[in-house]
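The two complexes that follow have subunit A in common; it is paired with subunit B in the first and with subunit C in the second.
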Partner chain A sequence: MSSATERVAARLPDNDAVLILGVLFGLYVGFTVLGMALGLDIAGLASTLQRITFFAAVYALLALALNLQWGYAGLLNIGVAGFMAVGVYTMAMLTAPASPAAGGVPGLGLPLWVGVVGGMVAAALVGALAALPALRLKADYLAIVTLGLSEIIRLTYNSTTFQTFSIAGADLGTGASQGIQTPTNPVMALYYTTPSSPAAGKTGLGEAVFGFFKTLGLDEPVVVDWTYTIVLVIFVGLFYLLLTRVGNSPFGRVLKAIREDELVASSLGKNTNRFKIKTFMLGCALMGLGGILWQGSQQLVNPALFLPIITFYVFIALIIGGSGSNTGSVIGGALFAGLLFEGPTFVRRLVQQTVDLGGAPNTFTDAIAALGSLDVGPLLAYTLADVSSLRFVLVGVVLVYLVQNRPDGLLGHRKETAAAVSLARERTAAGQADGGETEVDDE
Partner chain B sequence: MSESDTGVAIEGENPEEITDIDPEEDSDVERAAREIPPGRPLRVDDLRMEFGGLTAVDGAGFAIEEGSLTGLIGPNGAGKSTTFDCITGVHRPTGGSVKLHNEEITGLQPYEIAARGLVRTFQITRELQEMTVLENMLLAPRGQQGESLWRAVLPGVRRSVQAQERELRERAWETLEFFEIDHLAEEYAGNLSGGQRKLLEMARALLTDPEVVLLDEPLAGVNPTLERKLLERIDELREQGYTFLLVEHDMDVIMENCERVIVMHQGRVLADDAPAAIRENEQVIDAYLGANV
Partner chain C sequence: MCTHIMGIAETYSRGRSVVAERPLTLLVAVVCVLLAVDLVSKLLGGSLSVLSLAVFLKDGLILGLVIGLAGVGLSMTYSILGFPNFAHGDYISSGAFAGWATTYVIAGFGTVSVGDLLLLGVSGDASAGSVGVSVVSTPLAVVAGLVMAVVFTIALTLLIDRLVYKPMRDQEGISLLIASVGVALALRYLIAFVFGTSRPGITGGSIPGIAVPGVGIRINAHEATLAICAIGLLVGVHVVLQYTKLGTAMRAMADNRDLARVTGIPTERVVRATWVIGGGLTGAAGYLITLETGTIAFDFGWVLLLLIFAAVILGGIGSVYGAMFGGLLIGLASTVSLVWIPSDFTTVAAFLVMIFMLLVKPSGLFGGVTTA
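Here is the complex of A and B:
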């Protein structure tokens, strides 16, 4: 791409929207074809696309937050899952009813919005706690500290010591390994008069919307799930807007300078530690919110949802999309969710449905042994039997490919200038021969 | 190290504790430097920097006159760059004091020193490679509103940030134009040649509106035409009150442009005088210049 087209591309925000929508459209077409091959009906297809969109959105949210820390400021945070957990658990503990039903965990019974804000603040504060000592040391230490902290957080929530406890007369708890209930999904209130029990009756909007989609063959749960997924997509838009503003500003410029060479930033009068801590806290708050939007919508959270693998998945998403680019983060999230996270399950179902591979052998040796008689069936069956392992293999292959062939990810090579205005020269801008750039401010 | 080979006892890291200096061991120029009345923008006294057993700067002292161009010369390893590092806060000196406008800046962080109007360029250029030349430039100006996270993000307030960005953009373009690298404005700094990087560093340093600029070999790899222009520019800036301290190995540049030259050798100030006198100084000829200059 010539530098002129590159410049034009960088100035057209619509292009990025088209790019993101194009990727989503591609995924939708791919999965619709797969779904039809699997013989899914319209409800099955709608549900499949909802799942893809849901995971695309949550990974985009987390990749955007990580991009602020790692892509912009070079802060290697390997504790994404931990900060998500702090956000969700704080939200759950603040909002859980003070006197729960049998088997439930008591909480403070506060409104949902207090829980969400509280979760974000708690994640930011834990982020500061990790960052304050680590930022004084070399960058690698932050990675070690955050990875360790993430596990400490998970194990703390897993500990029976905090299953239920009292602070200043208020009963609280984490529920230990059984987990803690999260509030009823607020989108239920749009459709049901009593959100916690759909059977009690529908609102006017509920009647109308469900009635309309019923004619298309879509059930109520699919409609509710899609509604929540759209909320998530809106949040992706908000994250994107916020982080693009942060990036396209003098603040973002200092972050990039810190990533490139902290001493230079410091020698030009920037208090780099202050920038790093602010950035780290903001990123962690957004990870907390990402966790709330994802796991907080699943009625129950438990510590097993916050294993370090989640962090690595978010890193993969960001690496695919291109660290340093917000658009890349969103595209990376979508591609990771579609191709690596959900894709293998569908491919397995399709293969198993179309080819009879027989029973999967119990051991890898058995699977390989059959190759001696030129029978690849057992190996294929073995591979497909455990889709989570297959996912690991795919992730590894993609990572090796990217590192060798496209280390900047899909969009990491783009020039995304960190400034609040276009930096093209004003007086020459109108008359330039390469197409007359005009200043496009983002307001 | 409890006692250095020059007989200067180190009693602690606090510069004020280092008073035990044997006057016999002090060179004339160092005494003269201490006698210079206050009011000079930059003043360095008994500066010491030790790395383990190595003494890189060994009690250097000098003061620089406002609006001057002072040369700092000496053989490789004389301690020039380390002196720069100590002045600008990259290293915390083991002893001695650095004052900017009579304010003690010894041991301050680099950003605190830069914010007070003292900037430097690096001998080995440190441009921000994966940022464009313009981004590199716009990083420099002090007092940018948009460096506050809230101002960068909040609607309404962001407008004033944008207005300031437009002003700074114009200044950045003008400065790049002067340094003749405006055609590279939207290139990544990492794609620039060695000489262009030197220019970018100097341009970036000037955009901080500094009072004192420490230039560490800014002319190495710069073509002669531009070198002349740069020196002319330095002259113009000096008239506006900017003060320059220049490390350079090109003796013609030093002798023709500096009104004073400080010669460092083995971490100490060997001579501090007008160029003509430096040229005649036997010690300097032995240590650095050789017989041909």
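Here is the complex of A and C:
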């Protein structure tokens, strides 16, 4: 984990690397303290931190992809979940075995890499389809169209019509609401001779690594999960590098110009429509890959995993960090996963373990009725039992708060400038000390 | 020289975009004609009975009336405040829950404990069978519930406007859109927190109906109530917007807010009036659709929201008649499409109608006419 982060960090400007590592470190310390208070052993702590890192990484991936569309080009896409679904489902349908075990869905049985590339291409093509109306519509119309499209995609995968069907003699299907199996996680091949059945035996590396972590008290699944999480973190680094490159290229400068003033960009002879379509397609391909890396690693996907709420989660992650900033996207993903997504459940566990509130009442009115006899316990117990609903309320309130008070995200104004050269350095050279600011507002 | 070339390029691309635009309109027209011909041939050939078509039409009209009713509020706030309100669907749910809690307390008082009645059987011990609400057996409770749904939704929209949207009045539409997503999440899951997440039946007892002579379909009392209330409310809105000063002020504000303020229109008061009318209609729509479908769930308004957006876009944002007409079209599209496609694609059909409308005529059928 740390070596991967360091490798990524070495490529980042100092300030941003410190920020990202600081946020991760803060989350780790926080959850370690919470976990120790809960009485978790070393294996429990390791798997807790793995969960946090996993979700931080997947939300960072998706927030980075969304940042390309919204932060750079100003295209408001609220169909993220739909493009993820296209990526994962295409990958699953291409790679599923042609003659599956009982209850499975037949596929084309192609190798994994074909599935991943196919998934990204399919997501990009669907993105191009959505970008078509984007060219002539206002941003809020695009929002509605992409939301509608993501629901069309989900309902199509959910439909029994395509549960199994055949094209040109090949049987394949979506599995409808039961879902479709995804390939065995390739990191299993590092440790096991037969990736699909761990019982069959371990590779040399597997023996060594498992043996080492066994002495620390960590079981095989924890080690495997951590390995895959490190792969995800490496992908976050790759996404970051790619998007930074795109953002600083001449292509990216045109995108920023479109975001600031599309009329000016097109008066300068740039075909803004073509730039928008390309950006939208690249963003959708990355969302497809993000979906594959996240849901594709969970053995089974079904349409219920791609409800619009996932899109809003990604949005909140991006807004927390501040749209327009890649560093912000990563930090936003980590903070969202840690504080809003996993935090409430841990707090509930901690409170339930330390305070004995008695059994939770069955209904809200029972809990309120107890207030009449000045007993707050039942209401608290009910609240804790139903913390999963309140988590969404918290997410909504945070979203409203951020838009009202911190529209530029927690890091403040970090939109990258549209200029080719760093304006900040120029100013410092001219003797106007700028303090700690690295970016300069170009508006 | 250079500008000359650019001029040619521009003319060329404009010409190309016209060529690209026409076939699409043409395509839509051809598809519509083909579907109509196919429908007639199916009717004549006997593969589609007149009865089932009549049922599709009736269901579509009823759904369309509710969508239209809820769509008017969305359309008004969209044009006057300048953002698509994603919390609108959850206003529908909020109104329905408040109204039906009132109805249950009145109708079931004494038989089941008030605490359980308030929760509508979503959680707790009340059930549709034990309370037995219908417009025939407990008319007073239903009327009280409808009034409560309207009043509660108005109060809720005003409160949320005060807390969330008013401080952001000067910001651009996208920020407001994102804030409304936050409001939607908070509202929906507050309902889930208080009531629970199951989807129980809500009306009970037998509901009388009348058979329409000739076709053989039945219209029951709840469908009739919905149709009468919805049409009455829509006519009321039409009168208010067409014949009062408020309607003129709204049109002026939708057109140019700064100009309206300069000319002395009290814009804040107009905004409040917009929320009152829009919120009231939305609450009524939520209550009435629950009466007609006979079930309630914490997220039913959110599920309806995309259909309502489709209706509003189809009719043209800001146009009240557009919202009504678009609602009917979307309602019909999602039921009559059953003639050709399996039932799990009806919502897809409605969304596709919306997306095609945006491609062919982004300003909508009644585009250009704002708030009246």
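Going forward, the second predicted complex is superposed on the first by the 398 of 443 C-alpha atoms of A that agree within 3 Å, B and C clash if a C-alpha of one lies under 4 Å from a C-alpha of the other, contacts with A are read in each partner's own complex, and residues count from 1 in each chain.
Heads up, the rule we're going with is that a contact is a pair of C-beta atoms (placed from the backbone, for glycine too) under 8 Å apart; a residue touches a chain by one contact, two chains touch by 3 or more.
The structure presented is a predicted model; accordingly, all values stated were derived computationally and were not measured.
Touch criterion not met for A:33: it reaches neither subunit B nor subunit C.
In the superposed model, A:278 makes contact with subunit B only, not with subunit C. Once the two complexes are overlaid on the shared chain, A:170 sits clear of subunit B and of subunit C alike.
In the superposed model, more residues of subunit A are touched by C than by the other of subunit B and subunit C. By the document's definition of touching, of the two partners only subunit C reaches A:147; subunit B does not. When the two structures are aligned on the shared chain, A:253 is found in touch with subunit B, with no touch to subunit C. Once the two complexes are laid over each other on the shared chain, residue contacts for A:18 go to neither subunit B nor subunit C. In the superposed model, A:245 lies in contact with subunit B only, and not with subunit C. Of the two partner chains, subunit B is the only one touched by A:264; subunit C is not. With the contact threshold set out at the top, residues 269 of subunit A are in contact with subunit B in one structure and with subunit C in the other. The touching residues of subunit A, counted against subunit B in their complex, run 3, 7, 242, 245-246, 249-254, 256-257, 260-261, 263-272, 275, 278, 282, 415, 417-421, 423, 425-426, 441, 443. Across the complex, subunit A is touched by residues 6, 83-84, 114-116, 118-119, 123-124, 164, 167-168, 171, 173-175, 177-179, 181-190, 192-197, 306, 309-310, 313, 342, 344-345, 347-348, 351-352, 354-355, 358-359, 362 of subunit C. Note for the complex: subunit A touches subunit C at residues 76, 78, 132-133, 136-137, 139-141, 143-145, 147-149, 151-152, 155-156, 158-161, 269, 309, 312, 315, 319, 362-366, 368-369, 386, 389-393, 395-400, 403-404, 407.
Per the touch definition, subunit B reaches subunit A in the complex via residues 88, 90, 109-112, 114-115, 119-120, 126-132, 134-135, 138-140, 142, 144-149, 152-153, 155, 158-159, 161-162, 165-166, 169-170, 172-173, 185-186, 188, 204, 208.
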